[in-house]
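Here's the structure we're looking at; comments come further down.
Residue numbering begins at 1 within each chain, and the chains themselves are lettered A, B, C and D in the order written.
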């Protein structure tokens, strides 16, 4: 992971760590913080805890997003401390709805500079964001909204399994991972398991990202904690709840980063700190499905 | 099948029997011919033999397509007999490229009246088809082509397995089946196997069409012959080659329809006529993949 | 029989759901309402989550809309591009639920900022999928607790357009969905009549005065004001013992 | 050593492929050329078919681009919307092969009609994916047999735009792909110089006269005309015994 990040990222880049609740690669976020990157434009539908940590650590100049909270729990406090009237320091915000962000990735992954959608009429979002524009249908004459393409410098995609070439397979929630991978200029695939290519080839309909799109492949078990990986480990909902306490106060926030990000060399050490009991609590109870027949 | 077709289709409807080489539901096409529907607008990327038979049988008023041939073999003779200078009777043609047809289904399945694509500049296709139009990007000022949405009255989708509610799972080539199912006003799902819903729920990432979109579910084993179903039976390439001979002459063509379409009451009788030896030759040699873990 | 306003809200919201409805579900009370409906009068409700789960049957109460329990044994898992384009924008979502920090008489909802957008007093999470749900859902229901801070004369920011916003009606904007039909609050139920929020049901033991003082504008009152029937002991048992035993959302 | 022109075309086309190229493959000779390249100098060629097969390793020579042998053991199977939007339109297809019923000096290709579009002498299959491949492929190669009927002064219909069509150059049209770079025929090989087809290689035993009379316009001849080296016995053995034993495409 260290080498993948250091050789793929530079200060000022546009970065997307994708995954909607599922498959959020905290391991990559922590490595970026450790390497002290600056002035990043951080792009995600839901910044979640991982981007809040990037913000608190001072890596982020601008946030592009559609929902910034701690799902079902509360706020992203590092972000709020930098986006409200009383804030001393500020980061730049570029805001859409989920559909708008998905549409930006669709445009980027399809090689078009814009994407049309039926949205935003009557809402203040288009007034607040001048990049939301309009286009007229050549058949009906109706107006539709448009959003501009996203083509980030780097996309980090976590998956259940990949081969050494980066052919990546995912099941469970897929969010906008495929679109992000095809939109980005560079792609890092992070996998819970590295498997032989014949495992990928046995079930080709599960492949979300083809290897020819991938610049680096990283093997990082438990790379998403406190997010989750279907079939491997559950979401650490307790931690997400505790986070409200940890992050509200800058001192406890700093202590957390010092201990769990700066205080460890890599994910292995993070997991040791987390402890066997936590991992045991979160380890998935197996629910295998059957295979299907690809014969002819 | 008889009841599903008779209750879903009427003369003059726009119909799509989807499936790109894979999963082309000949059983549905033959039933439509037997029931003698007229003035249909038949929509498919590749009309293939099944639409050529609908044309020869006089069911089709208009064909919307992007490649009309017998793949790797030759022509669609019923179509050629109705589309060339020397033809006495003619059918109407509306022509795109594959990407254009896919884009029309994308628009229809996304609830937009148009779809933008980077295509057709320098080609005569846009000149030949006034429905291919242009739109200007609100960000770059570039021109892009557009095609209008397709929302056919009926889509017929063949799949490997479905439950009684029409939740349909497909593996192997997916063509534009998903887009056609979401674009259409009515959907018939035809399945090689009807399975219990828990089989579908065990592997939800394989579901291509959700049951709430489906009006009829038909159990029709071998429903695609001479097309194929991955994991069930191979494409009957020999028949596709023989078809060139059968279809070039109107008499042999009529004899074929009389024997294999009008001469049988349903798919069961068609399969009996086809004979054990053919089915044995085409039956798939099993190539099972492994299952994956959906636990948490 | 004693019950909390949250329990009553979840129960009342469940009554809006018909069997086999295709529902776009959020977290919290709407999610509870859907699961209650599935246990009672709408066993074939099709729950769709913006995360991509279709026909979900969660074994546990999901803490987030991307919970793994929404995936296991779902009918289908699809990408978010499909959810927003082929399910919502295509018009296949029959019911949507929304709430927020502020709502006005036209059902406009603010989940973006309190105060000025560029210099907000409070930065809220933002739209998520709310704006497009408000625009496309065939039937839209609001679920919010009522107080003068949340039921306001004018929203600081309109995240999700209601029945009349920025000087135009929904019809004039050409929005495909129904717009807000009903607002289920902790004090009573409002129906949107000619687009405007109008109190049509009060809860047992809640005074009209209390409701009036809890709303930031002179709330219209229906002439035929009804009292909402309380949930039966069986319903309460379901909510407390099966659907939210940890009281995650039932105060 | 004796060999057919089809064998020579397949061999010559294979020389245009580099290892690890991402190739959009059609059926027939281009497919044979790709499989030959995989067996020789380009083992990591990534074969993509418009039907949705990515990284296919067909056990048998596919009769159609949707053959089940293209699915089994592929690296990925994706929908056609992804193939055309995320692979081709996004610019990730490095090599495309095209042929047709007619080609002109600028590499414009006709696969639509012979004669008038509305009243054609011969109705051909149409574009399929050819038009978008001609527009987007980073490197485009033509594979066609040469005769006065197919190499024409002017195409009856331009299905797939070449280096100059309808009065504009590719650059003026703003087409992202390279346009035709090389035309591999059964008599020789042409390179497109300043966009125009120019004979640069002849095959052993084929006279310049034969080529000139086989082309429907006065074909430009390169000053440094080369002779294409014949395929080695090993290559021919591969083609005949392994890649097309049934002679489906090798005449």
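Quick note on the criterion: a residue touches a chain if its C-beta (ideal position, glycine included) is under 8 Å from a C-beta of that chain, and two chains touch if they have at least 3 such contacts.
What you see is a predicted model, and the numbers here were worked out from it, not measured in a lab.
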{"item": "Most distant chain from subunit B by Cα centroid", "value": "C"}
{"item": "Selected interface, A-C versus A-D, where C-beta contact pairs are more numerous", "value": "A-C"}
{"item": "For subunit A paired with subunit D, centre-to-centre distance based on mean C-alpha positions, whole Å", "value": "41"}
{"item": "Centre distance in Å when subunit A and subunit B are each reduced to the mean of their C-alpha atoms", "value": "38"}
{"item": "Interchain centroid distance [CA atoms averaged], subunit C/subunit D, Å", "value": "58"}
{"item": "Where subunit A and subunit C are represented by their mean Cα positions, the distance between them in whole Å", "value": "28"}
{"item": "Touching two or more other chains - residues of subunit D", "value": "53, 68, 71-72, 77-78, 85, 89"}
{"item": "Residue numbers of subunit A (touch at least two other chains)", "value": "111-112, 117-118, 142, 171-172, 174, 178-179, 202, 205, 228, 230, 234-235, 284, 287, 294-296"}
{"item": "Interchain contacts (touch definition) - all pairs", "value": "A-B, A-C, A-D, B-C, B-D"}
{"item": "Subunit C contact footprint on subunit A (complex, rising order)", "value": "20-22, 45-46, 65-69, 71-73, 75, 79-80, 83-85, 95-99, 102-103, 105-106, 117-125, 128, 142, 171-176, 178-179, 228, 230, 234-235, 237, 240, 284, 287"}
{"item": "Subunit B - residues contacting subunit A, complex", "value": "111-114, 116-118, 133-140, 142, 144, 146, 148, 160, 171-172, 174, 199, 202-203, 205-206, 228, 230-235, 284-296"}
{"item": "Subunit B-touching residues of subunit D, taken from the complex the two chains share", "value": "27-28, 50-53, 63-68, 71-72, 77-81, 84-85, 88-89, 112, 115-117, 119-132, 134-136, 157-161, 165-166, 168, 170, 173-176, 248"}
{"item": "Residue ranges of subunit C touching subunit B (in the complex, touch as defined)", "value": "20, 22, 46, 53-55, 57, 68-69, 71-78, 82, 85-86, 89-92"}
{"item": "Subunit A residues touching subunit D - in the complex, by the definition given at the top", "value": "109-112, 167, 178-179, 182, 197-198, 200-202, 204-205, 207, 210-213, 294-296"}
